[in-house]
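Take a look at the structures below.
The same chain A turns up in both complexes below, where it pairs with chain B and then with chain C.
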Partner chain A sequence: MTTFSFAQDTPWKCAACDQPLIPRKMSITYLKSEFHVELMACPQCNMTLVEEDLAVGKMFEVEQLLEDK
Partner chain B sequence: MDQKQLREFESHCIQEEHPYCTAACPIHVDVRGFMAFMAKGKLKDARKILDRSMPFPEILGRICDHPCEQACIRNQLDESLNIHGLEFHCVSNTSQVLKLPKLPGKGGKVLVFGSGLTAMTAALDLARKGRQSTIISSASELGGSILEIDDTILPLESRETAVQMLERYDVTITLNQKITPERITELTNDCDAVLFDLDTISLDILPADRIEADPISLHIGGKNFAGGGSLTGENFSPIKQVADGRRAALSIERFLQNASLTAQRTGEGATTTRLYTSLEGVAVLPQKTQKEQHLSPEEATEEAGRCIQCECMECVKQCQFLQAYKEYPKTLVRKIFNNESIVQGTRQANTMINSCSLCNQCTVICPNDFPVAEVCRTAREQLVQAKHMPPSAHEFALEDMAFSLSDTCSLLKHQPGTDSSQYLYFPGCQLSGSSPETVIRSYQFLCDHLDGNVGIMLSCCGIPAHWAGQPTQFEQVLTAFTDAVNSMGMPTVITACSSCLSIFKEFTDDISVTSLWEVLDSLENLPASTAELPSTMAVFDPCTAREQKLVRQSVRNLCSKIGIEIDEFPFNAELADCCGYGGLMQFANQNLGERTAKAKGERSPHPGLAYCAMCRDNLVSTGKPIAHLLDFLFPDPDVNSLLERPNPGFSGRHENRARLKQKISESLFQETDFTTAPHSAIELLIEPQVIELMNRRHILEEDVRKVIHHVNQNRSYFINPENNRRLAKYRPIRVTYWVEYSEEDSGYRIHNCYSHRMVLPEDQP
Partner chain C sequence: MNQQVQSVLSTTKSLCPVCFAQLPATRHREGDAIYLVKSCPEHGTFRTVIWRDAPVFENWQRPKIPSTPQKAFTQRDKGCPLDCGLCSNHKQHTCTALLEITKRCNLHCPVCFADTSQTDGPLDPDLETIEFWYDRVLEASGPCNIQISGGEPTVRKDLPDIIALGKRKGFPFLQLNTNGLQLAADPSYAMELKQAGLSSVFLQFDGTNEEVHRVLRGRNLCDIKEKAVHHCAQAELGIVLVPTLVPGVNIHEINAIVDFGVRNAPAVRGVHFQPVSYFGRYPTPPADRDRLTLPEVLAQLERQSNGRIQASWFAPPACEHALCSFHASFLIDEENRLRPLSSGQSACCSTSEQSPISAREGRQKSISFTARQWSHPLPMAKPPGAATPLDDLDRFLLRAKTHTFSISAMAFQDIWNLDLERVQGCCIHIVSPEGNLVPFCAYNITSSQGIALYR
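For the complex of A and B:
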């Protein structure tokens, strides 16, 4: 299974755990489709970071594509 | 939509109908395409068009009697195109470019008696179709009547080229034959079909048992056909002879295939056309050369440039939606049909279907009333029903509707101090969201001046659900509305919104509905406006008032009463544009919505006056100075520039609606018990550019508050140690909202907001 990595260095840290973020493989879903991706997340509580570029860029494109399937 | 409905819809659109010249041409030469190339000096491409439809361009291009010119629409303006002169110029300066294929031989032996253009054309057409065709004539050369034409017009080489062409397609040419009835009987014994060219064969040697020629098939009984011409007393017409040859060839082909000789042949020969072409704005430009004169290359280019390339496109010319998708209704409906037919794969037309404003302007413009809006709206219902409607298209608008209907905004009351209503004021959700103060002032005015008690209902008419193709939701809203009016004792409903008016009139029974404008127009004591008026204003009718003539008239009467001079402009009233809100266009296609609003505003250079709150807000967003009529009738003493009052945006609308309910409840009904959500106390500090971004991204201040409230409890946010900003997310239902913010003494400063619909692992339900 192909995993697309969107992990990149980030200044954001998890406030609750006081941890710098690390790349983490995970599945994200939309409309019955599942994608294997690598995103930055907190190593302790696993909270995932989605930065603006990804949300309004690639992620939005894929959402639109899936909505027309 | 099934195939039959598709055809029915398609037939309404006349854009693909023949232009006038082509319809009048018995062999339907694409004169419009020919002219387009000639105007660019592309003679070879123009010649290709002649090669495709004319059997012998060298001959017909020189001598055609051009019935097309009489049909040319320029005749209504100055004079027709010199089509004949241009064809002459083309064939005189080019040789054959396009060589039509010869199909493989498929049997069928055809004898053609005669030597005129009918015989030549039929023999050529049949040979191209793979039939073995033989011309038999008593003449010593081919041509018949055209041999009498002067050599300066039709030189020998032209006829020679035609003979060469016949030979190239293996037509056998047998000249100098003695043709008698006996010889004909003998020759036709072992052939499958026979054609007599009446340009050169006299009727008396035709088979004795012949019947009168059928005008559609030219069949004269048995295996015999006859057509063409001048010996039957008709005037000599080269194009008629060619057309007869072509018609006979097609009949013989059908005869050889045992097919019907007459079925579905209405399109052959000269026809009428349903095309409509407007001459508005076309400059008067008579021909510069004499008809008989040979054209120089420059003259030919210039003359061809007079062709206006007839087409309809009347709806497309006005509609931003059709322009954006480069469609006219016929192609649009076909794409929608194909979209519906997709079982697996991408539905490419979803966004297009959701981008129509459903405003019906095109239908009013269309000579055949093509119902584009109905087609698009039905397609939306179909998408919803099949569970294929993209969630992002209308969810935001439907949530906005749900908010207007919720307890936070909705209200139903009799006039303060009374327990019955003769009238029920229904200002509509968008006026409440845009200008709550004018709702209060206009309500008080109605209470003071109407003869009878005036109740008030803050709610929504449900049109967003109707536009979104959600019949169940729409029905629920209408039922709630009907029940509410019933519970008030069936008062007359007064709406301030044309959309509400149109919905109630179309979808409710037994409820009496009128517009605020008609009511105000009927009153003696209009409020004395203190607002300063521009000298001339343009009333922008909303698209939903298209069928509300009395409403439009009342608005103008009111303007005149308060001293506003109106600039009437085209494409207003029953032809008015949409502002981009209609059909939820601006939600499914933001950029198109903005372009549509801009185009509406640009229809008049004068400051605008709207009586639809959405029109006003959308137009003012494009930079158009525009006020709402209620702004003048009931001006807010605190607002100076009525023409520039900003669009409150989506968050502002929510807040205005909620505050309106609260204010009316408190000031008129002394109710003070309001429960507020725990997050509503969060104070936000937002710069205008962030507000603008939030509006574009459909993120409400309410959403931002929810995010901050959610993460504050357990510090579940990210933090940037470089600037101490926080980044937090929350997914209330279907959308994950992200907010970048920092905490200040007076509240939370919002730096950025964005959202996505994809679900992260920790947000999985």
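For the complex of A and C:
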């Protein structure tokens, strides 16, 4: 699967490193499934920003579909 | 003697196959096989295979914190399983309630849980009685999944009314257990049931070749099953293929059945295997070679699929007792390959690190998973507009909304392998004529003389 970018201008900065965030390619894993996306992250410590609408939107939907019994 | 003591893995309780006396029982290992052993002072020792080979029996666990019925209809008196109704000692709520709406059937199967081979039988329960049953399920357990069963439910002309009534009562997921004859014969029937509120069809499906059907059902049903699937798909009814697996008859068909299901997805939502169990009169106990245990079904899935399906992807259940079933869910990709979605062994890899889950929570998970997975997916699937860019998550969501697939199996118990720990953790309950809820296996148990415990 190809990487999709969630890169965006964001006012958020990394609190620990005081760095502006930059787009970073990364993989998200939930249970056995892996997804490749581009997210905004701190260039120094790699702390990644997942905006609320992504977390409670698509990511939540994916989690629900992967949820086992 | 010493060797035998060491091989005892755990203890439980069971019944004497001859006189139904409650007996202590042990699960013990002999080589790669596990046996349930019990001795009746009057009728002797009985030893039945319950597990063979990998995954390791001792690791196949999913302990639960028991949760007793919302309302118990019977009290403890004679002891389990003679007080079922459910009694206040039962350890799991109803996940699926079975309503047997007729004893009549239009097939004459040598293999039948309900022993209902005749076309003319006693009078069917009227709608008022069925309404009372629905109410009793709500009273005992609250809303859960409903399976309409029999006999063959489609012999009743008022089946759509029975389904509509269940829907009005507030049951979100109603499934029909059927041989598919009527669904195949009448192209408009599936739609009629769908419009009445049916979500899913639990379709008896023993194999893809003529001979299997002849042996198990007495006639070639291949075309009938295909037509039934086709008509249900047209009506957007979810279909679960339900093979009864019998050693020497259709074990070699396991992968062919899965393939048939995948080819007919997304209408076919999964395959639910049921290894044969033995009811009726057996002067001598069924031989161990006539039994297929759950790990053997997993081994066959892996072997027959040439490793495309792996045993390690499957997990014991969150709802019923671990020894009763396995399941895994998959994504069917664009090339019709099965990709595992489940966490598989994460649920069962280490007994020492297992922390028990709440039975109530497991039951709730199971109700919603089953209702979602076994219903037709199309109403949920809304592709984004053409201009919307797709990311990895979008692509997954789009495919997974329609093309998830489940493979599961349930091992029903008979009088020889009956394990009361499993009965007490059971979540599939038959509503008896008087409106009590009885664990499926307890309800169907017969002694070696063919005498029924409940029926």
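Operating definition for what follows: the second predicted complex is superposed on the first by the 66 of 69 C-alpha atoms of A that agree within 3 Å, B and C clash if a C-alpha of one lies under 4 Å from a C-alpha of the other, contacts with A are read in each partner's own complex, and residues count from 1 in each chain.
Criterion: contacts are C-beta pairs under 8 Å (C-beta built on N, C-alpha and C of every residue); 3 or more make two chains touch, one makes a residue touch a chain.
The structure presented is a predicted model; accordingly, all values stated were derived computationally and were not measured.
Asks: Touch check for A:Trp12: first (chain B), second (chain C), both, or neither?
Replies: The first partner, chain B, only.
Asks: Which of the two partners, first being chain B and second being chain C, lies in contact with A:Glu52: first, second, both, or neither?
Replies: First partner only.
Asks: State whether A:Val62 touches chain B only (first), chain C only (second), both chains, or neither.
Replies: Touch partners of A:Val62: chain B and chain C.
Asks: Looking at the overlay, what does A:Lys32 touch: chain B (first), chain C (second), both, or neither?
Replies: second
Asks: Quick one: chain B or chain C, who's touching more of chain A?
Replies: For chain A, the partner with the higher number of touched residues is B.
Asks: Indicate the residue numbers of chain A shared between its chain B interface and its chain C interface, in ascending order.
Replies: 31, 35, 59, 62, 65, 67-69
Asks: Which of the residues in chain A come into contact with chain C in the complex?
Replies: For chain A paired with chain C, touching residues are 1-6, 31-33, 35-37, 58-59, 61-62, 65-69.
Asks: Spell out the part of chain A that touches chain B in their complex, as residue ranges.
Replies: 11-16, 21, 26-31, 35, 45-50, 52, 55-56, 59-60, 62-65, 67-69
Asks: Give the list of chain B residues in touch with chain A in this complex.
Replies: Where chain B meets chain A, its residues are 345-348, 350-351, 390-393, 697, 714-722, 726-727, 729, 736, 738, 752, 754-762, 764.
Asks: Hey, which residues of chain C end up touching chain A in the complex?
Replies: Going by the criterion above, the answer is residues 315, 317-319, 327, 329, 340-344, 347, 362, 365-366, 369-370, 389-397, 400-401, 404.
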